[in-house]
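Listed next: structures, encoded as structure tokens.
Both complexes shown next keep chain A, but they swap its partner, so chain B is in the first and chain C is in the second.
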Partner chain A sequence: MSEADRRITDDLLRPLLSTSARFWVLVVFLGAIVATGLGTWVYQIYHGFGMTGIRWPIFWAFYVTNFVFWIGISHAGTLISAILRLVNARWRRPVTRCAEAITVFALMIGAMFPIIHLGRPWLFFWLVPYPNQRGIWPNFRSPLVWDFFAITAYLTGSVLFLFLPMIPDLALVRDRTTGWRHRCYGVFALGWRGTTTQWNRLEAAMEIMAIAILPVAVSVHTIVSFDFSMAPVPMWHSTIFGPYFVAGAIFSGIAALIIAMAFLRTFLHLEEYLHPVHFQNLGKLLLMMSLLWAYFVFAERLTVWYGNEPSEMAVFRVTQRGAFAPLYWTMVVCNFVIPFPILALKKTRTIAGCVVASACVLVGMWLERFLIIVPSLGHKYLPYSWGVYRPRPVEIIITISTFAAMSLLYVLFAKLVPIISVWELKVGSHPAHRPQTVEERDSEQALFVARTES
Partner chain B sequence: MSAAYALFSDPESAQAAVDRLRAAGVADREITVISSEPFEAHEFGSRDKATWMFRIAGAGGAVGLAFAYWLTRMTEQAWPLPTGGMPIVATWPNLIIMFELTMLFAVLSTVGTLLVTARIPRRRPALYDPAVSDGRILVGLENPTMPLDALERAFAARPGQVKTLP
Partner chain C sequence: MAHRWGMAVDLDRCTGCEACVTACRAENNIPTVGAAQAATGRAINWIRVERYWEGEFPDARLTFRPVLCQQCDAAPCEPVCPTYASHHTEEGLNAQVYNRCIGTRYCANACPYNVRFFNFFNPQWDKPLQLQLNPDVSVREVGVMEKCTFCVQRISAAETQARADGKPIKDGDLKTACAQSCPATALVFGDLDDPDSAVSRLSRSPRGSQLLGDLGTKPKITYLARQS
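And now, the complex of A and B:
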């Protein structure tokens, strides 16, 4: 093994093989917040939905905001990873697994919210499309059933997309550990040896998966947007919602990826692998998505304003200069006014600059989801169905705990699996091996024959 | 399973060993090369590259599409419930289910093909040496018919350098 390969292996396996006190402090801290969130959910189940601020006519509020937000965050990973794999971008190698892990955990958390949003969550299996005792199936014409299929397909694909390239690394850890760890990693390594056939099949499978997962990723958030745009609610019933949601999802997803990478770089000392150029490249993508987001918001707002339809204008006014205006303008500042100059100027597109911009984008995109849902539901077509929404502590605590849950899952994952693909990084670190020419191979063969004859 | 193998520190030596084994009359399919990373730039890394995986993925997608078509149509007709002025069998919304199940089946058939053709998960012992994870490249033969000294010559190895498994 070359010195470079040895260093890569040692550096990337170090977090798995040694545990610092700082890790346990972080796990206990995040675990406590998650436990508080779970306790609050149990409290909500016990006392009923009256503990939340959800009242007629606003039945979708924080929980559906979180659902849309986390499904959006999940777009970063698999989508970015798949695109970079397909175009064979060399700088992708340290980034892909960090990104794919975000997808899986964000999807898991996002998929929890329809269940949290149920009054009787123990009946969550009613969401699963199977016939009841009378032979009635769920209505496939309902967008909520589309969600089930889309999220199931995306979660399954994303888990496999994350797991398959992890197998060789799990085999590597299997060979470097003893005792129960050796047995555990051995099980997940599936008996991987690294034969030529296995490598070729794995790479072919990853290529197909990358092709297949891209349209699924786009479809998932389009279908989430259909939950809204299929409904006759002011400012929801719009053809722009599909691409608008997809663009927003990629936007927030990239921001989450930048923050996760900065965290990993600092705490796992991965400075040699996550270079400033990775952040600069992702920063450029974030800049492009910021511009695209601004374009979509302008297109949506202009169309509504020009149409001057009374019920839509009620929502328009309440967000532009009414009760929701502070949130709306905070969203604009966070999604465009702050990130645009930071990311546009090369001087400020540093790691710190990208992290600041990304943090703003996450805040802005959460607010965007909230502002899509609540003002429209509070200002439907007939004024008798107008209402207000005020979040209650139960919803706020559960929301905060999901951010802690995401962080906890990510920290534990980085502890159990090399967060950067070791074998892919090794492949990338080698100078390109030129294929041997026929002449070279023939001359080598002739030399060998001459030697054996002599 | 019996096996004989040698470990090489670089892909060029491994390639040379593979070539010598071929020159000694060993068939390609009997030679096993194991490494901790793919070496596509070398000839031994490109062996056995042809695969039906793309076609199988396509076939899996077609099965998913057919299944989704049957599922949506069958369930809507089983209890014909008028919904929102839509026809009982509503093609537009059904297309969404068809798309998702097409892609899901394509992904699952890809992974299934990978597992079968790469022979994982594997519980039976197979030719392997943990030194591979240290970056060494294993070139070996399972159930070799050649005598050990002939193998040592083929591997261009010093006596004792070729390892054997009982």
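And now, the complex of A and C:
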């Protein structure tokens, strides 16, 4: 093993092998917030759903906003990392696992919300098609049942996609540890010995997964958008919703990834692995998605305004100029006005700049989902039945606690698994000695030869 | 003996007295949520009387529109329900199966008329209203949706009786609670499949129109109003 390899291994396994007091303080802090959130949910179930601010006729609000938001965040990972793997972007190596982990955890949190928001959450399994004595299936025409299938498929796929490239690293940790840790990592390393056959199978499996996960990811957020666009509700019933939601999901996903990477870089001292260039490149992707998002919003709003259909105009006016205008314009500022110049100028596309832009985007995208759901429900056709929604403490506490849950899961994951793929980084540092895909080897060797000759 | 139950609502006859609202509440065990909850949008009214002002004061004219479940033939609430709690019966009624409802509230969002209601808490009645609960109608627990059933308990009782007697149900014998209590007979209930029934004749009136009919929901309620 060369000196460089040894350093990579030592640096990346350090968080697993030594634990500071700061880690436990963080875990207890986040854990307390998550426990508060769970307690609040129990309180809501015990006292009745009326503890929320939901009212006639606004029957979906914070919880469904959170659902769409977290499923959107989940597009950070798998989609971005699959695209980067398929196009063989070399700068992806330290980024992919951070991204894939976000996907899995954001999906787990997002998938909780359809259950939290049920009137009778103890019967959530009626959404699942299982053989039962009554001979009743779920209603396959309902977009909520499509959601169930889409999310289950995506969660399964992204767990596999996260786990497969982790196997060689788990084996590495297995070999570096003793006692119960050795046994635990041994179980998850699935008997990995690093033989050529094993490498070939891993490469083949990852290639299949990278291709398979892309359509699944796109379909998931399209189906989430169908929850809205299938219902005859003003400004929901729109053909643009599928691509609009997918673009928004990738947008917020990249923002979440940039923030997670900045935290990892600082707290795990990964400055040598997560370079400014990684933030620059992700910043460019974020810039592109910001433009795409602005285009979709413009296209959606323009067609509604130009069409001038009365029921849609009621919703349009209340978001653009009425009660929801402050939130609406905050969204536009957060998703476009602030990130655009920061990310467009090379001078401000620094790590700090990218983090500021990403934080704005997360706020803006949460507001976007809220503004899609609530104004429309409050301003359906008959003006007699319009209504105003105000969130109540239970909804706010549960919303905050999910951010803590995401952080907690991420912190624990970074403690148990090398958050940067050790073997992929080593492959990157010397192409000739590591098993890899044929194209990758060829391109890297060509580069190597070109470099030594020049 | 298939029926297609429907209703005609004559807006020119409606005085806005809300007898229908009260009768519905008594017939269908609708909980009273209290003033505080009602103010925050938790009141349940299977039928409501909407008030509209026309013109400017002092030449203002007040009109009323009773709105209840339109029992749509192409109901937007039905396909979206993941558990078939909201479903179409063979007689074309939009049934709500309380035991099957898990409370996604998707049906209420999809309904353009906002005539579906959610039980935010377990039901309660101001004393002594709890003594007059209708034994033919189930009470609904926290977390389920409910809405106008066209007094399905009266429909099935009348159909059972008619089958036992071997005679068809006579037009006017079967009325929903709201239609029965309307002093101005603004609400007329009956079988739309019987061309001679009062409701069929009224539905064919040139004064008739359907509420938000252009959405394609095919409501079984016809509103009659003077054409301006």
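Simple rule for what comes next: the second predicted complex is superposed on the first by the 428 of 454 C-alpha atoms of A that agree within 3 Å, B and C clash if a C-alpha of one lies under 4 Å from a C-alpha of the other, contacts with A are read in each partner's own complex, and residues count from 1 in each chain.
Assume a contact is a pair of C-beta atoms (placed from the backbone, for glycine too) under 8 Å apart; a residue touches a chain by one contact, two chains touch by 3 or more.
None of the values given here were measured: they were computed from a predicted structure.
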**OP:** Judging by the criteria at the top, classify the pair chain B and chain C on chain A as clash or fit.
**Re:** fit
**OP:** For A:50, select first, second, both or neither according to whether it touches chain B, chain C, the two together, or no partner.
**Re:** second
Subject >> Touching partner for A:107 - first (chain B), second (chain C), both, neither >> reply: neither
Original post:
Touching A:119, do we find chain B (first), chain C (second), both, or neither?
Top reply: second
Original post:
Who does A:233 touch here: chain B (first), chain C (second), both, or neither?
Top reply: second
**OP:** Report for A:141: first if it touches chain B alone, second if chain C alone, otherwise both or neither.
**Re:** both
Original post:
Just chain B (first), just chain C (second), both, or neither: which does A:160 touch?
Top reply: first
**OP:** Identify the partner contact of A:150: answer first if only chain B is touched, second if only chain C is, both if each is, neither if none is.
**Re:** first
**OP:** Enter the shortest inter-chain Cα distance between chain B and chain C once the structures share a common frame, rounded to whole Å.
**Re:** 5
Subject >> Overlap of the chain B and chain C footprints on chain A, listed as residue numbers >> reply: 136, 139, 141-142, 145
Subject >> Of chain B, residues touching chain A in the complex >> reply: 9, 11, 15-16, 19-20, 23, 32-49, 51, 53-54, 57, 71-72, 75-76, 78-79, 81, 83-84, 86, 90, 93-94, 96-97, 99-101, 103-104, 106-108, 110-111, 113-115, 117-123, 126-128, 130, 132-136
Original post:
How about chain A: which of its residues touch chain B in the complex?
Top reply: 1-2, 5-6, 9, 131, 135-137, 139-142, 145-146, 149-150, 152-153, 156-157, 160, 164, 167-168, 171-172, 175-176, 190-205, 208-209, 212-213, 215-216, 219, 223, 226, 423, 426-427, 432-436, 441, 444-445, 448-449, 452
Subject >> Complex interface listing, chain A residues touching chain C >> reply: 47-50, 54-60, 114, 117-121, 123-124, 126-127, 136, 138-139, 141-145, 148, 227, 230-233, 377, 380-382, 384-385, 387
Subject >> Touching residues on chain C, where the partner in the complex is chain A >> reply: 37, 40-43, 48, 50-52, 67, 76, 79-84, 100-106, 108-110, 112-114, 117-122, 141-145, 212, 215, 217
